[in-house]
Every structure is written in C-alpha cells, then in structure tokens.
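What follows is a single structure, written as structure tokens, with notes after it.
When the chains are written out, they are named A, B and C in that same order, and each has its own residue count from 1.
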Amino acid sequence: MIDMQLLISGVIFGLSMGSIFFLMTIGLSLCFGLMRIISLDQLLYYSIGAYITYSVSLALGDIWLGVLGGVIVGGLAALAVERVVFRRIYERDITFTMIISFGILIGGVGVIKYFWGLVPRPVPVPITAQIDILGTEIPVYRLIVIVIALLVYVGIWLFLNRTIIGKAIRAGIEDIEHVEGLGINVYRLFTITFVIAGGLSGLAGGLHAPLIMVDPNMGLEVLAFAFMVVIIGGLGSIKGTLISAFLVGQVISIGSLIYAPLAQMAPFAIMLLILLVKPTGLYGSPLLKR
Amino acid sequence: MTNNDDIITVSGLNVSYGESKVLFDVSMNVRPGQVVACVGRNGAGKTTLLKSIAGFLKPTSGAISSGTTNLIGMVAYVIAGLGIKYIPQDKKVFSDLTVRENLELGSYATKDYNWDQVTDYFPKLKQLMDHKAGYLSGGERQMLMIGRAILGSPKLLLVDEPTEGLAPSIVMHLKDVFRELSKKMALVIVEQNLPLVCAIANKVYALKEGRIMGELTDRESIRPEMCEKYL
Amino acid sequence: MNVLRWWWGLLLAFALLALLRVFLPLPFANEIIIFSIYVIGCNFLLGRVGFISFGQPAYLAVGAYGAAFYLYYFGTNAYVGILIGIAAGIIVSLAVGPLFVRLRSDYFALVNLALAVIIYYLMQKVLADITHGDNGLWFLTNLSSTPVLDISRPDQFFIFAFLVGFAVWAFYKYIDDSIFGACCLATKINEDKLRFLGYSSFNIRLLAFVIANTTTALAGAMYAVYLGFVSPEITSPARVADPVVVTILGGVGSLYGPIVGSIAYTGMKDLLSKTFGNWELIIGFLLVFIMLAGEKGIWGTLEPLLKKAFLRARATGDAADRGGSSR
C-alpha cells in the first residue's frame, strides 16, 4: 500500500514534470503539423533557455527575469536557425530535415560548451515556500510550473482559434498548398510557428532549470523523452501532446514510487504498446504530405 | 503575337515530374474577359498546366507571364497575390475550420472583406457560416472554394474540374456562376464535361499526352463534337 | 567483368586499410575497422531501405552485452563470445523488427532512439545486479588465448577484425547486387509497385532490418572482446548520433562510405579532442554543411573524381597502346 502523502506529492511531481514535457514538445508537434519537419533542434532552444535563466539570474538575481530571457533568446535562436537553414529546406523529405535538425542540435551543444563550459550549473528555486495539500507539503514552485503550462495551453488554443494567423496555421496543418493558393504568405506562417516553438522550448528549459542541474547535454538527455511524448500523443496534435505529456509525467513519477529503476523505462514500454495498437500515436494524423 | 495586356501568356512550356515529362512545348494565352477551357483525357497534363501557371510546379523550360510580369520563379502565394487564383480539383476545404473561418482566410490574404459578392453567388453559404467545413457536401465545398477564391476580385481564376462528381442541379448552378464571373474576370476551366464547357467557353484548348492538339477560337466551332475530334 | 571490377575495388580498399596499419597506432586501426562495421548497418538502412535509425547504439549494446555476459560469467573463449553477441543481435532484432518496420520512417527513427534509451536504463539501473551498473563488466583477464588467431591480443585482434570486416563488406556487396538488394531499394522508392510485383515489403524490410542490426551487434561484440570491458556508456543518449553522423559523413548508400567516414570521424575525433576540445561544435555543423552541400559525403564527393582520374588514366593508357600497335 502506497502512503497517501507520497502519492499526492508523486502526482504533483508527475504533473509538473508533464508540464515541462508539454512545453518542450509542443513546438516539435506544431512544427511537424505545419511544416512537416521533425525539429530536433527544439531541444537546443530548451538548453539555451535553461542556460540563459542561469546566467541572467546569476547577474540580476531574479530567476523569473532569467526565464523571460530564456524565452526571448530561445525564440531568437529559433528565428536565426529558421532564416539561415530551414527556409531553404522545407520542401525536402522528412528524413533530410530530421538529420539537419539533429546536426544543429549537436552543433548547438558545442556552442553551449564554448560559452558555459562543461561543468553543470545549479539554478536556485525562485519560490522555496511549501504549501499544505491534504496534509502533504508541496513546493509552490512545482504548482506554478503546472499553472504556467496550462496557461500556455489555453494561450495556444486561443491563438489558434481566435486569431487569423492561428486559423491560417490550423488550415495549413490540414493542407498547406490550399493556404498558399489563397495568397497567404506561408513562409511567414512557418517563421511565426518556428519562433513560437523555440520560445516555448526556451520556457521549458527556463522552468526546468531550478529543478535540475543545467548541463550542456541536457537537451540530448531529454531528447528521448521528448520523442516519446510526441509519439504517444501523435505528431502534429496539440491536445494529444498535452495528454501524453501528463501521462508520461505520471508514469515516471508514480512508477518511481512503485519500483524506482523501472520508472525511466516504463514510458518507453507504454510507447511501444501504443504504437503496436496505433502506429500514428493517440491523436496523430495519418497523412504524410510534402 | 504576345500582347502586353494578355492576362496569361504561356510559351514553349515543358514540365517534368522527376524523370517523366508531362508537358511538351505548350503555348497558350488568355485575354481579358475570356473563358478558356482546357479539355483532354485523364493524364493529358491539364492539371499540371494549371499548377505550373499558379506556381506550384517549376517548369523545366518555357515562359509564363502575366502582362509584362514574368511569373517563372515566383512562389505560389505571390502569384495568387497578383490575382491569379488556382482552385484545385480535390474539393478539399479546411475541414477543421468553419465556413466563416474559411472565408476569413480568403479575406486575410486579399484584404477584401466584402462577403456579399460571395453570398450573392452562393446564398446557401449564408446559412452554413458556422458549420465546420468538413461537414459540407461536395457541391457546398466547391461553392466555398470558389467563394474564398473570388475575394479580392482576382483577374484570373484557374478552375480544375469544378463539376467532377457533383449533382446535375449543382452543375447547372455552377455554370451560371461561371457565366456571371466571366463578366468580371477571366477564367481557365479544366473540365471533362464537354457540353458544359462548350456552353460557356470562348476558346478551347484540347490537350493530349502533354501536347496541345487543337485550339478552337470561334463560337461556331466550339462544340463537343469538335473537341472530341482532338482527343 | 563487373564482378572482377568491384572485387578489385574492395581488395584495394582493404589493402589500403592494411597499409594504414603500418602508419597508424594499433588502437586507432582497430577502432576504425570496428567502427566501420558498426556503421555499415546504418548506412544500409538509410541508403537502401530509406530508414534512418537514431537507435543503432541499442543493437551495438545488445551485441556487446551478449558477448560480455558470456565472457564474464560463463566462459573464456572470445570467439564464442562474439558468436553469442551475434545471436543476441538476431534475437533482439527479430523480436522488435516486426513492430518497427511497419512504422513510417520518421516514427522508425524515434522508436529506435527510444529502444536505445530503454536498453541504456536497463543496463544501468534495472539489471544493475548483473551488469554492475555504470561500473561496467571487466573481463579482459578472463579471456583465454584462442587457437589459430589469439584475439585476446590487440595485434592479432586486428588481423581478425580485418578479415571479419572484409567478409562483412563482401556480404553487403553481394546483397547490393542481388535481387534482395533491388527489392530493398524498391521499398524505399515505390512500395506499391513492389507489392504489385508480388513481393512483401514487410518481409523485405524485416530481413534488411535484421541483417543491418545483426551487423551492428557483431560490431558490439567485437568492441566487447577488444576492450575487455562493457558499460552502459556504449548506448548513452549522447552517443546516438555517432552512426548517423558517420554514415552521412562518409556518404550514404555507398559501400566505401562507412570506411571513409570511420577513418575521417575517428581521425578527427582523435585530433580535435586533443587540440580543440569542442567536438560537438565541429561535428554538428559539419553534418549540416554536408547535408546542405548535396548530402554526398566524403566518398560521394571523391568517387566521381576518382572515376574521372581512373578513366583518364585508362584512356591515355589505351591511346598509348593503340599508338604502339599501329606503328
């Protein structure tokens, strides 16, 4: 029988981890949906976000400012990469863009090592307070992370459903050629989507930084988990990404209460099972155009 | 031959998909106010021709221009911005978006928010505004696709098999709509339905195996039997 | 005639490798050969079947641990260890293959990566009692000397690796020229047509998958025997890039690509990590550059040049011959 207090803190822990996963992978998912690219370099903007959070909070003493800086720099880095590299290769096949984005990720890790060195860096938690939920002490910071992720989800939903650019992006996820045929500058849509994705990855990194040690390989280490989340949710689906991010977070967190060594592996086993039943993930689109 | 006020001039156009060549030395032109029909069997290269004009395919050689503007090398959305709109044959609307949102996208691209011109042609769309476009029938989808394309008063519509698979009553309705539209813009219609195109076209190009086999220009000779001769 | 020509190419390549042995330190030469065996599977999957695998280290680890378990717990004969590594590779790829090869190429890449991570955690944490976790299994001193070629000694191991490498290359060359090779290429280009011809693309992919990953497992087993040591580091998430990078670096789809790529990669790694230290920076941007420059890789760029030079040499030779006979 699992202790009730452990279970509550486990659920909260899983939700906060799922929130980070969601922020990290939503960009991957959107980029796949609209541009049909698998943008592994999103994990680079995640690392950049974490490092900017570290440096800014060290210099200015405010971690939230650091997170904001992480979002901005993550978005700017994404903008630069999109302008220099991806703009030229959107029409190439998915394997090609995947290898390129992987190269950018690896190269970016090198850039990070050049600026910040190899030593892992700690980032202090901005809010150390604990709150009492059903007799269990829960760190407030984790709750804030969950709230931010949910706000981002609502924000993205509003953006996609209430703004004309968002509607154009939704239309483009269905059929990009028809959007272009109407006379809409699809390359601008691509840039906007890519920058939003990069900014959100930066946010994920910034929020994750106080919970882990910031180190150059952090992007590569979460790469497999990010993949897993988008595969379970289905590439290109925002709702699927949210559900699967929380699912994976819970499996890791609750799993580690039951038998710790299995916790990291269990989600992968679930992924294999889901793919066995539905090869495109929970909400994935079967179409493969462009 | 080439007049600068032609809406579209195509000359010596060659198009290939990878190794296989689809269009051979195609030349055609569209004058203002003309309704041009392209007829031919499946695989004759009609869709390829329209897609090349609209900028979705890159020709291997040849020239496409609109007036004095060279269209070769332009991306599709720029060509659409010049008022040359392509309506594909797949009858795919943005099914996740409502009819209203579909039209909003047409307006966003052209900055033309006057939807009365659309609902005048297709009153039926008025009641369907808040329906998801995915639930529309084939005919209603075609109406929506034409509707969102005519926003911004384009100078040329490239219409790909608009009546394929539609009920006769809707086909008649579309025929009237094309007649009305031709007063405001030029049309290029790719169609298998010869009686329909012959009723509205004032120029017919017959394509066969990627080549233009014949061109009918006077009203007297534009008859299904005449088209049939070239196919 | 054609047969003769490619045999000459292969012999020439391996003659050069043997020659390299004279100039290069032994560990370096061993590393190159094992690495190129490691990469040829990935090259085959990407070049012939159109599958990109970010999870090759998983199969490398399967082979390595297969050999390591035997050599640590049960026996001392390195040859048996390698055979067990190969068997482990076949078993694992047969187990996961039917599930994986149904997937689209993008999902395939991701799922393989996931498998590599699973195996990493499996070896590092779950099976820590048997694998000794991050400390790894050390069994160099367990190895008994083997008859004929004593592969527990690095210099003789090189000869063994050299012969195995040659056999693997000959095998892949044979596959490339066979109907099976053509079918693989067909699954990449036009799956439907292949189905109309009466071939099952599933079976072809599965076979290709098993062959490629078994080769990788063989490389893993050879690593284990050569180093006398295996740790989960072999499949760590930070190393998933290696085979893909080397495949692209060398040139996709060519048999010589993996050799050239391995030499370049191992060499660069050796030189750069000593002088520059920032390995990822170079390899990452090199990867992007090669892809953008036409994804030909080193061999793909060299091959036409060599061919031209060869043809010119022969043309002048022929001209000289003709000149001689007419006189």
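Observations
Basically, contacts are C-beta pairs under 8 Å (C-beta built on N, C-alpha and C of every residue); 3 or more make two chains touch, one makes a residue touch a chain.
Everything numeric here is computed off the predicted structure, so don't read it as measured data.
Once chain A is excluded, the chains joined through touch sort into B | C. Of all chains, the one whose mean C-alpha position sits at the greatest distance from that of chain B is C.
The geometric centre of chain A is 33 Å away from that of chain C, both derived from CA atoms. If each chain is reduced to the centroid of its CA atoms, chain A and chain B end up 42 Å from each other. Per-chain Cα centroids separate chain B from chain C by 53 Å. Across the assembly, chain A contributes no residue in contact with two or more other chains.
Residues of chain C that touch chain A in their complex: 46, 50, 52, 54, 99, 102-107, 109-111, 113-118, 121-122, 125-126, 128, 237-238, 240-241, 244-245, 248, 278-288, 291-292, 295. Considering their complex, residues 164, 167-168, 170-171, 173-175, 177-187 of chain A touch chain B.
Chain B contributes residues 54, 56, 75-77, 80-81, 85-88, 92-97, 101-102, 104-106, 108-110, 148-149, 152 to its touches with chain A in the complex. On the side of chain A, the complex with chain C involves touching residues 38, 85, 88-89, 94-96, 98-100, 102-111, 113-114, 217, 220-221, 223-224, 227-228, 230-231, 235, 260-262, 264-265, 268-269, 271-272, 275-276, 279-280, 288.
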